[in-house]
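Presented below are the structures under discussion, each in the form of C-alpha cells.
One chain, subunit A, links the two complexes that follow: it is found with subunit B in the first and with subunit C in the second.
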Partner chain A sequence: MIDSLKDYQDVSFEQGRSLWQDAWYRLNKNKLAMLGLYLIIFFVVISILTPWIGPYAYETQNLALGASAPSAQHWLGTDIHGRDLMTRLMYGGRISLMVGFAATAVSLVIGVLWGTIAGYVGGLTDTIMMRIVDILYALPFMIFIILLMVVFGRSLLLLFLAIGLIEWLTMARIVRTQVLSVRKQEFVSAAIVTGLSHWQIIRRHVIPNILGPVIVYITLTIPSVMLLEAFLSFLGLGIQPPQSSWGVLISGGVETMEEYPWLLIFPGLALSLTLFALNFLGDGLRDALDPRATRD
Partner chain B sequence: MPNKLISLSFLLALFLSGCDLGPSNVESGTNNQILHLGNGTEPKDLDPHSVTGVPEHNIISALFEGLVTVNPKTLAPEPGTAASWVIDNDGKRYTFSIRDNAQWSNGDPVTADDFVWSWKRMLSPAMASEYAYQLFTVKNAKQFNHGEIKDFNQVGVKALNAKTLQVDLENPTPYFLSLLSHYSTYAVHPPTILKFGAIDEAGTLWTRPGNFVGNGPFVLDDWRLNYIIRVSKNLRYWDSSNVQLNEIVFYPIDQVQTEERMFKTGALHATSSIPVDKIAVYQQKDPEKISIDPYLGTYYYRINVNIKPLDDPKVRRALSMAIDREMLVSSITKGGQLPAYTFTPPNTQGYYAATSPITFDIEAARQLLTEAGYPNGEGFPEIELTYNTSDGHRRIAVAIQQMWKEALNINIRLSNQDWKVYLSRIQSMDYSIARAAWIGDYPDPNTFLDMFITDGGNNQTGWSNAEYDRLIALAASQSNQQQRYRTFQQAEALLMAESPIIPVYTYTCVLLKHPQLQGWYPNILDQHPYKYVYLQEPK
Partner chain C sequence: MMRFFVGRLLQSIPVIFIVITATFFLVRAAPGGPFDAEKTLSPEVIERLNERYNLDAPMYEQYFDYLGHLVQGDFGPSFRYTNRTVTEIIYAGLPITFELAIYAIMIALVIGILAGMLAAIKPNSAQDYIPMSLAMTGICMPSFLLGPLLVLVFGIWLQWLPVSGWGYSPGDKILPAITLGSTYAAYIARLTRGGMLEILSQDYIRTAKAKGLSTASIIFRHALRGGLSPVVAFLGPAIAGLLAGSFVVETIFQIPGLGRFYVQAAFNRDYTMILGTTILLSCLIVLLNMLSDLLAVWLNPRLALSNEKN
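Moving on to the complex of A and B:
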C-alpha cells in the first residue's frame, strides 16, 4: 500500500513550458549564441562602468606624447592628441551601444505595431498604411535628419529618435508580409472560431510566429544604425568632439591607418566583435523562438 | 556618403597601384601638357569680383589676367594686360598702356573702358564685394563704395582712349602695382556680364562653361560640381605662343587623405596640401616630392565681438593667451609652422610686428577671465567654435577646445560646416568663434592689417576701433617706409590688445608635387602663373 501510494505520488505531470522557457532552454544549448550573449553583456557592463574604470579621462590630452603605439601605460596606445585609446574606446562603446539599442528599439516598436496592424486588418487600412511607408521611403533620409537637427537642435536623444524613425520602415514591411502569411493559417482561423479577441490573437498567435524574421532583422539593424551614427557624426550632425563613438573612432583611424594602424585596428575589432556577437545571438534566438520547432 | 567614398577611393587606389591600367594622369598629362591639380575645395564661384578664397584664386588666375602680373620667382610686378605704365604726380598717378593685341576669349579687344566698367562693378555698393577695399587706394573709391558719392566719374579711374587707362590714387601707395595682380582688380567682359544680369549682380550664370568669357591664358571648358574644373589654352591670349600647357584640370578635394592617395597613384601632378601624418613619411621616403616653403599667411580664429561674453576684450585676450601654440605647431601641424602671437607674419617685406601683448600665460589668462567676471570659468556660457570640414582644422580645434577647458574651465562646442555654408555663416556673422586663415594678397603688411578697419569686407568680426582706422589711414598716407611700418606696429599692437582675432600660427606651404612639374617656383604667396608652368619628364 505504502509503496503503491508512493508510486502514485511520484508520477508528476509534465509541467507545461512557456515559449520563453523553451526558447531559453534551446538557446542555452547553442554555444555560439551564448558566447554572443556573454560578449554583449560584457560590452554593456564595461560601457556602463567606464567612468569608474581606468586611470585616464577620455578627453585628457597629452599633445607632447601624440600618437603612441600600445604600451604598458596605454594598453591600446594613444591617438593623435595623446588621449588613451582604451578609455576612448570604452566611452565610444557607450554611445555606439546606446545608439544601436535605443534607435533599434524605436524602430522595433513603431515597425512591429505598424506592420502588424496593416497586415492583420488588411483591406483599405493596409493599402493606406503601406502607401505612407512607401512615401516615407521615397524621402531622402539625410534631408529628413538634417531638418530634424536644424529645427530641434543637436542632442543625443534626438539622434536616437531620428535614426529610429528612419529604420522602422523596412521593419514594418517585413512584419506585414509575415503577418499576412500567418493570418491565413488554420490555427488563426481556429482561434477566431474559439472567440478570441483580435488583440489576443495578435498577441498569442501572430507575434510569436513572426519573431524569427524580426529578430534577424534587429541584429542587422543594430550594426547599420551604429554605422549611420558614424556617418552623421562625420557630417557634423551626430556626436561632436571630444566625445566619440566607435564609428567616429574608425573613420578617424582610416585616415591614419598607414602611420598609426592601432587607431583603426582596435575600434574596428570592437565593432566587428559586437556585430559578430549580435549575429550569433540573433541566429540562436531565431532558432530558439521558432514556435514551429520541435519541442524536446 | 563621404565615408563610403573614402573607402571606395582607397580601394580604388589599392586597385590602381596593383594593376597596370595604362598610363596614369601624370604620365599622359605630362606627354600632352595637361596639368592635374588638387585644388582643396569646390570654389564658391569664378567671378573675380565676388570671391575671396584661395581655391578660387588658383582657377581665376588661369582664366584672367590683370593689368599687371607677377614674376613667378620674385613676385615683382611685370607687365600683364598693360604693356607699360608711367608713374607721375609724386606716385599718385598711374597711366597704363593696354596691349594692342590684348583680347577677350570671344575676340573682342580688351579696352581701358572695360577696366573702368569692371572697377565700377567691383566698387558698386550693391555688389557687396568683400574685397572692394582693395581699390580704396584709388581716389574717391571708398566714398563711392560707401554710397557717399553716386557719380562714378568722380572716382580716380578714367579711360583716356581705348587703350590708355589713367588711375589717380588718394596717396602714393608703394604696393599699388602688386595690388593690380590680384583678382579683385581684374577686368571682366561687360557684354557677357550684362547678358546674364545687371552690372552689380553677383552669382549669375555668366561663369558657367559656354557663357564664360575671360582674358587669361586659359579659358573655361568644363565645370562639374564637386568633380572637376577643366580649363584649356586660350589661343586669343596675347602671349599664347609662350603658354606651354594645353589644359589644366582642377580637382576639388576636401579630404587631404584622398588627395594624397590620388597623388600617390599618379592622378595629380601636385596637391594643395598634405595630411600632417604623411609629412614625416614623405620626408623620409620621397623627399623630392614634398616641398615645405615659407608662406605669407596666418591661421587664426575670428571672434564675433557682438555677442556676450566675447564682447569683452579681456575674455578675448584670456582665450588667446590660454593657447599653447608651440605645442600646437610641434605636435599637431608638424609642417614647420611658426607659432603666431601677432597677425602679420614675421618679415612681411621687412616688417616685424612690435612685441605682442599676447603670450602663452595661463595664469594671466585666468586672471583676465576673473577680471571679466568669470572666476574659474564660472558662469561662462558654452560657446561654439565653427570650422570648415577638414581633418586638420578638426585636430587643431579639438586641441584648443581642451586647452581652454583645462586652463580656463570653459566649455566649447565644436561645429564643422561645409565650405560654402561656413563662408555664408561668417559673412552673416552667424558664429561665435570661427576658424579662419588669411593669405597675403601682395607682399606688404597692409594686406593683413587693413582687413580690420571698421566695416572692412573681410573684417567679419564686428570689431570697430576709430584709433585703428586712423592709424591704417595714416600708414596709407606715409611714403617713408620706416615711418609707415612704425604706424603699422602701433596699429597691430592695438589690434592684439583688443584681440578680435586669435592668431594661431604662421603658415608654411606644404604640398606634394611630382618632379615632372616644371616652372613652378616656391614663393611666399604660393602663386604660380600658369603661363610659366610646363610638364617634362625629369632627366
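Moving on to the complex of A and C:
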C-alpha cells in the first residue's frame, strides 16, 4: 500500500496507478476518514472477540453491588443489577454492528441485482422495475417496519429482513444509473462484438465499474441501519431482552439517568462514535472514489 | 411542467391505495386476536365482541366495509379504549403532533439554512468547519439520545426548563422542539451548503459580483432560490422523518400526541388504532412528499425535465 508521497511518486513513474491505488492514496490523505476507518476496525475486532476478552460474563449479576459509578473493577460502572456496563456494551455492540452489517448485506444483494438487471436489460423491463422502486420509495417505511414488528413479533431475523428490504431502494437506483452509463461505453460494444456472453460482460466490465459508488453507499447505509435499529429498540419494538443492543442500553439508561447518568452516557457515546466513524469514512470514500460527486 | 404535476398526482393514488390495502391485510394476518390478552373472557363474550366489531364476516367484506367507513373519515372503534373511537383519539393527538412538528421544522430551517449559508460563503474556513462539524454531530446524535441528554442537563441539573409535559408549564415546548428539530437542522445545513456552493460557482453569480453587488444582495436576491432547491426536495422526506421522530420525542417528554398513541397501540396490539394511525400517517407522508416535489420543481423547472428523462 502507498504510505507516503515518495512511494506515490515512485509508483506513478514506474507502473502507473490503478483507480484503486489512486483512491487509496486520496483516502489516506483524509485524516478524519482514516480515523473513522481505524475506529470501525477497532469496534469490529472488539465485537468479534467479546466472548473471549469480555471482562465479565454477560449474565453475571451482583445485586449486592447494584449500580456503581465507574471504578477500577468496573471501568464504565455497573447497572442496577450490578452487571458490568462495559461487558454489556461490548455484547450490545455485537448486536448493533451485526444488524448494521447484515441488513446492509440484504439490501446490497437485492439492490445490486435489481439495479443491474434493470440497467442492463433496459427497455420495458427497466421502466417497470424502476416504477416499482418509485412506488416503494413513496411508502412511509418507518411506520411499516413498526407494523411488521408488531404483527410478526420481534425477532432479530425479521429485523434484518425488514430493514434490508427497505434500504435496497437507493442502492438499486445508484447501481442502475451506473450500469446504464457503462452500458453505453464503447468498450462494452466491443466486448459484445467479440462475442462475450452477457455474464462475462457483467463480470468483467459492469461490476468493476459499479463497485466504487456501491462501496460508498454501503458505508453510508450501515450507520443509517444502525440508527434505525437503535430507534426501534429504544421504543421497545426492536431487540428484546435478554438480548441487548446499544439502543436497548440507551433506553434503559434513560429510565435511571437522574441517579446513574453513566448508564445513559456511555452507551450513547458508543453509538454516536460508531455513527461518526462510519459517516466520516463514507464521506472520505466518496471523495476518494468519485471525485466528481458533490458533497451534500 | 403541467405533465409532471399531473403525473406526480396520479402516481400518489396507487401508493395510497397500496398502503391502505397492505396495512389492512397485514394487521388482519397478525397471529392472535385483539381480545387474547383478556384471558377471563368466555367464548360467548368473545363471539359477541367479534360480532360487534364485525370480525366474523369474511375478510373481503370486512375490507370493503372498512374502506367504506374510511372514505367518510371514520376509522372505527378502538379495541383498547372501548368507549372511544380511533377518530376521536386521532383528533385529540394530531394537532399536538402537528404543533410539535411545525416548531421542529421551523427550528431546523432557520438554523440549518443560516449555518449552511455561512459555510458556503467561505468554504474551507473556520466559518465552514465549525457549523459543518456541529451538523455532523447533529446527524450522529439521534433524538432518543439528544432528548434525554437535554433533559438531564437543562431539566435536572440546571433546572432551567421543565422535563416533560406539553402546554402545562411555560417553556415545556422548548426541549421537545429542539430535540426533534436538531437532526433535520443538521441535514438542512449540509444540503444548503452543497446547493449554495453549486450556485455560487455559476456564471450569473460572477456577473453579479462583477456588477459590484454586495455579498448580501448576491446571496439573497440571486443565489438563495436555486441554492435552496435541494432543501425543498428534502422537506418531504424530512416531514416523514419528523412524524416518525415524534414517536420517540413524545414518549420521552410524555406529550399526548399521535406518536405516543401509536407506540402505545403497537404495545397493546390495539389493531384498529394501529390500522387507523398507520393509514393516516402514511397518507400524510405521501401527500407531503408530493407537495415538496412539486415545490422543488416550481423553484427549479429543470428538475421536471430530468425526471422525465429517467
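Operating definition for what follows: the second predicted complex is superposed on the first by the 183 of 296 C-alpha atoms of A that agree within 3 Å, B and C clash if a C-alpha of one lies under 4 Å from a C-alpha of the other, contacts with A are read in each partner's own complex, and residues count from 1 in each chain.
Rule of thumb we're sticking to: a contact is a pair of C-beta atoms (placed from the backbone, for glycine too) under 8 Å apart; a residue touches a chain by one contact, two chains touch by 3 or more.
The model shown is predicted, which means the values in this text are computed figures rather than measured ones.
Now for A:160: first (subunit B), second (subunit C), both, or neither, which partner does it touch?
A:160 contacts neither subunit B nor subunit C.
Would you sort A:143 into first (subunit B), second (subunit C), both or neither based on which partner it touches?
second
Looking at the overlay, does A:58 come into contact with subunit B only (first), subunit C only (second), both, or neither?
Neither partner.
Going by the contact rule set out at the top, does A:151 touch subunit B (first), subunit C (second), both, or neither?
Only subunit C; A:151 stays clear of subunit B.
Considering only touches as defined above, state whether A:114 meets subunit B (first), subunit C (second), both or neither.
In the superposition, A:114 touches no partner, neither subunit B nor subunit C.
Go through the superposed model and pick first if A:251 touches only subunit B, second if only subunit C, both, or neither.
Touch partners of A:251: subunit B and subunit C.
Pick one for A:268: touches subunit B only (first), subunit C only (second), both, or neither.
Only subunit C; A:268 stays clear of subunit B.
If you stack the two complexes on chain A, which partner ends up touching A:230: first (subunit B), second (subunit C), both, or neither?
both
Have a look and say if subunit B or subunit C is in touch with more residues of subunit A.
The larger set of subunit A residues in touch belongs to C.
Let me check the overlay on chain A: which residues of subunit A are in contact with subunit B and also with subunit C?
On subunit A, the residues that contact subunit B in one structure and subunit C in the other are 230-231, 234-236, 251, 254, 258.
Can you list the residues on subunit C that touch subunit A in the complex?
11-12, 14-15, 18-19, 22-23, 26-27, 29-31, 136-137, 139-142, 144-145, 148-149, 151-152, 156, 190-191, 194, 197-198, 230, 240-241, 243-244, 247-248, 251-252, 262-263, 266-267, 269, 274, 278, 281-282, 285-286, 289, 310
List the residues on subunit B that touch subunit A in their complex, please.
1-3, 6-7, 10, 257, 275, 277-278, 281, 324, 327-328, 331-332, 389, 391, 394-395, 397-399, 401-402, 405, 413-417
Please name which positions on subunit A make contact with subunit C in the complex.
130, 134-135, 138-140, 142-144, 146-153, 223, 227, 230-231, 234-237, 247, 250-251, 253-254, 257-258, 261, 264-265, 268, 271-272, 275-276, 279-280, 294-296
If you look only at subunit A, which of its residues touch subunit B in the complex?
Residue list for subunit A touching subunit B: 59-61, 63-64, 66-67, 80-82, 230-231, 234-236, 240-242, 251, 254-256, 258-260.
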